[in-house]
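The same subunit A turns up in both complexes below, where it pairs with subunit B and then with subunit C.
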Partner chain A sequence: MLVHSRPARWAVWAAFAAVFLPVFALPFLVIVAASFATGWSGALPSGATLAHYRDAARGDALDALVTSLLTALAASASALAVGTWSALAVQALRTRARRLGRAVDTLFMLPVAVPSVVVGLSLLVAFSRPPLLLNGTPTIVVLAHAVLVTAFAHQSVTAALSRLDPVYEQAAASLGASPAHVLRRVKLPLLLPSLSAAAGLCFALSMGELSATMMLYPPDWLPLPVTVFAATDRGSLFSGAALAVVLMGATLIVLTAVSRIRTRASYR
Partner chain B sequence: MSGITFENVTVAYGRTVVLDALDLTVRPGEVMALLGPSGSGKTTALRAVAGFVQPASGRVLIGDRDVTALPPHRRGVGMVVQQYALFPHMRVDANVAFGLKARKAPRAGIAARVAEALEMTGMTAYARRYPRELSGGQQQRVAIARALAVRPDVLLLDEPLSALDARLRSGMLAELARLHRELPDVSMLYVTHDQVEALTLADRVAVMDSARLQDCGTPHDLYRRPRSEFTASFVGDANLLPVTVTEGGADFAGTRLDVPPAGDVAPGASATLCVRPHLLALGAGPNTLRGTLTELQWRGATHRLCVDVAGHRVKADVRELREAPPLGAEVALHFAGEDAVLLPTGVARG
Partner chain C sequence: MAERGGSEPRTRPFPFPGGQAPRTPRGPRARGAVPAWALALPPLAVLGLVFLYPLALVLRQSVSPDGGGFSLSAYGDVLAQAAFRDALVNTVLIAVGATLGAVVLGFALALVIAFVPFPGGKALSRFVDVFLSFPSFLITLALLFVYGTAGMANGLWTGATGAAHGPFDFLHTPWGVLLAEVTYFTPFVMRPLLAAFSQVETAQLEAAASLGATAPRIVRRVILPEALPSLAAGGSLVLVMCLNEFGIVLFTGAKGVTTLPTLVYGKAILDGDYTGACVVAVVNIALSVALYGLYRSITSLNGVRRARA
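Coming up: the complex of A and B.
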């Protein structure tokens, strides 16, 4: 903290609370409160029940959670693999074909720049005809999520690679390690903290993805955000809130686990 | 057992030439120091041997193998750099074993070789530590052990001691000398900008300046008989006096000096006379320079005198004086003719 006098520090904290609480914390608190409620009294939810959670823990809701987790897992794993690979490729191209490298960088920016509805639509158009008929399969949802989050994986791994001091690779190469050996034993382990951060980010983004999913999901593959949306859309605000809390909780648990790996990796 | 040969090696970044037609041979088992000011291309020369820069022209040979086109991992050189570059995610023993595993050495032999390398560098007790748990000097020992474990023919060292403090540095310098005695077959190319390191450790010293090799010889030769102004001033301290060459001597500001002739400067030409400060003595003698004392520094065992001789600053280091002359006094300095060297006047001093 750059502020040293005690009153000034209090003032900073007060200002922080005044901005942070209403904007960031209160909506979450209201959602959590609503998920236990049976009705509204004035501005606040009232009544206390666990019924919404009981509903959320079985049947369609549970399926939706599993669907979301599987989708996010598959999407973030493939995004991490593709993003890491492309970042490494761009780095290798930098010395030989700078232009091509920059083109690949731009290509991976596209899904960030283009609205996700458009990404959804384009996948729908592209894969609605044989031989590439994916429309109506879970694969197209996973694919859409992967396309959307690979950009983030690519960017975070690129940033991490540019921070990685080349002396380690060079030391390894001078000791006789082939490029593949250097990648496996030196580069990837040193990148592990950034890789796990990228994986966490991709996972969280995929867990919350709604707009492209809405255009693509088949009836047997309903991710949780779609269920939340459907619940609130038909007016079941409280069960929607419970589902939303489940979504947040599941994402947070996974993120915490991933950041555990990260602290372990960077402590070494 | 193999040496290193640079054949006309030129390296350029874009249009800037950072290594200009380097011709240099490190003989098998020799320690060659590459000495020069910052930016003179020393690291670049080393990286050309390791394979991290590609020469624009010329060849690099290790032994009689042309390695110019080989990728770094096929060159079989050991390398130690200033920042140690130990793998932070591996313990000391894994760091040292890295090269052996990468080269697919038989599993059974690895442990023994690691132990041997750690023993040689005195790091056996630290085998299970992570690099961040070691001091700078210990990390550098591990880096040396790691490079030696693969038993390279050629060891490249890029300012390995410059991140260490002065006392540790002299200790490590002695250790490196000992290592070289234990491994007489390993040729070493030792980059440094510290002349003490170069003079202590090296069998021969190559002096570089502005991308070019200026001089190459044994430390003693370079010190006693430098061939250029640059070498004279970079290796040790030197008085460089502008003189006119005469038959059998030289003329400095009207004073005739009796110094041995140099091959490449003809009588009548201007040249530079190099005299080491500690070879000047107080009082009149065979070659006497007279002037006014402008500075006097007591340095413990010696006194440093700066004398203004006809507008030129002449430095002399003499044994501590009982009674030092006062500033502004007229003093005479003399030197033996054979202690001075006539040099061609440098066009541009680096």
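Coming up: the complex of A and C.
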């Protein structure tokens, strides 16, 4: 407790609310409110309607939602596989060659530092010609998302591995379990809560990815963020808001489901 | 699942029968294990194919425009353009401004959540986590409804004064981008700070207070030194993310505000000038990766300090 007098405490809380609510809570309330409206020329939106959601539930908007979900699923699954493998490899390297381990770790974290737009551009430059002609296919979008989110999977699995008590694997190894067996029966089950958290993070980031997608998307594979941009760009802000709510809702549902799996996994 | 896992070891023969001493695995590399560097090869190969090789091609295209020979002429062309210089200045100024804003605001808000606790503070820090998983362009979209030409703020103003249009018209200027970036990136500063604040001993604060230190003095002399490493790490990460931010600037839709990422997009997709885009991309990568190196060295220093403490 830093502030002891009661009036001063209330003053601090009032100042906090005066900053926090308008700056952080208002944006989401505003988008949700706008998605049910047709106009906004006063303090509150006007012309209550569900039409934007009816439009969002069919045709192109529904396709975009399915596209986003499939892209995020494929990207986060491959990111989780590669990120877990690389985190395990870096941990193994670190115990023998510290510097090498750190260098490999930096290499896997590099996609965080490189602008997403540039990741998109580089895939466009690399895979627009044979032998690997991916430009214009959904694969290149999935690939870009996977590149961007693998670093986050790698980072969270690395953090989880460093918190893992080595006693369990040492005990298993001393009882004669092979390294593969230790990995499958001891390490991965212990990592399960962190793995599902990493999967949720990757999924959410991929659902909202716009920068690299704008560089790469083929006309038949439009993820939700691109359709939100297209709607606002042609001036239909209110249907854009409804699509944004669908995007946030889908992300939240998946995150909640993943965190339920996580609590169950940590009870085992 | 649990029963199966529990019973399996018992059905196996005891691994070292007849009093034979078990061969203790020396170090982490046990019998039958592949060497660590071989374990690292498959993910490195994937990373090389889908990330490093494409980046190398971007670099190659920027220095050999026609696919043959080495030439810096593309750099000369791009660097001479006023649009590029404007974008560079915009990018750096907006990123530095947004980072300063996010650091100050994030420090103040995290301070209240951690040290002047109130009911619902836990839920609030969970809200901050959710905030982090949403895409940045939602903030610009929301600001369009709050400060846009037909938004909440201008609506209130015209309703109250009867004027034809409201006074708020900054969304399509760099200030609009700055406001959106401060909003979006403040939680990225708050999260490491909240973690660092939870390590601060309350007894230290009580001792300082009982010796007569005022709250601002405690913040300056006790809390700030403790939080400085996290603040530096969070701030430099946000600086890199601001330099690379694309969605917020794109959604602002301002012709006047170009940053390096939007310039890359404009050159490649709108103009079809891939060589120019690659040049801008190389400049952007150099800037961001240099700063990211700084961030990595700060966080590894923090790790060393924590290990020593």
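Rule of thumb we're sticking to: the second predicted complex is superposed on the first by the 250 of 268 C-alpha atoms of A that agree within 3 Å, B and C clash if a C-alpha of one lies under 4 Å from a C-alpha of the other, contacts with A are read in each partner's own complex, and residues count from 1 in each chain.
In this text, a residue touches a chain if its C-beta (ideal position, glycine included) is under 8 Å from a C-beta of that chain, and two chains touch if they have at least 3 such contacts.
Note that the structure is a prediction, hence the values are computed from the model and not measured.
Contacts of A:Pro225 after superposition on the shared chain: subunit C is touched, whereas subunit B is not.
When the two structures are aligned on the shared chain, A:Ala77 is found in touch with neither subunit B nor subunit C. In the superposed pair of complexes, A:Leu62 makes contact with neither subunit B nor subunit C.
By the touch criterion stated above, A:Thr106 is placed in contact with subunit C alone, subunit B being left untouched. Looking at the shared chain after the overlay, A:Ala171 reaches subunit B, while subunit C stays out of its contact range.
Put simply, more of the residues of subunit A are touched by C, taking subunit B and subunit C as the two choices. In the superposed pair of complexes, A:Leu190 makes contact with subunit B only, with no contact to subunit C.
Across the two superposed structures, the residue set of subunit A contacted by subunit B and also by subunit C is 173-176, 178-179, 185, 189, 268. Across the interface of their complex, subunit A is touched by residues 50-52, 71-79, 81, 83, 85-89, 98-99, 102-103, 130, 143, 146-147, 150, 156 of subunit B. On the subunit C side of its complex with subunit A, the touching residues are 1-2, 5, 8-9, 15-16, 22, 24-25, 27-34, 36-37, 39-40, 42-44, 46-47, 50-55, 57-58, 61, 105, 108-109, 111-112, 115-118, 124, 127-128, 130-131, 133-139, 141-146, 148, 150-152, 155-156, 158-159, 183, 186-187, 202, 205, 209, 215, 218-219, 240, 243-244, 246-247, 250-251, 253, 260-262, 264-265, 268-269, 274, 277-278, 281, 284-285, 288-289, 291-292, 296, 300.
By the touch criterion stated above, subunit A contacts subunit B in their complex at residues 165, 167-168, 170-179, 181-182, 185-186, 189-190, 192, 265, 268.
Subunit A meets subunit C in the complex at residues 1-4, 8-9, 12-13, 15-16, 19-20, 23-24, 26-28, 30-31, 33-34, 39-45, 82, 85-86, 88-90, 92-93, 95-97, 100, 102, 104, 106-119, 121-127, 143, 146-147, 150, 173-176, 178-179, 185, 189, 201, 204-205, 207-211, 214-215, 225, 228-229, 232-233, 237, 240-241, 244, 247-248, 251-252, 255, 268.
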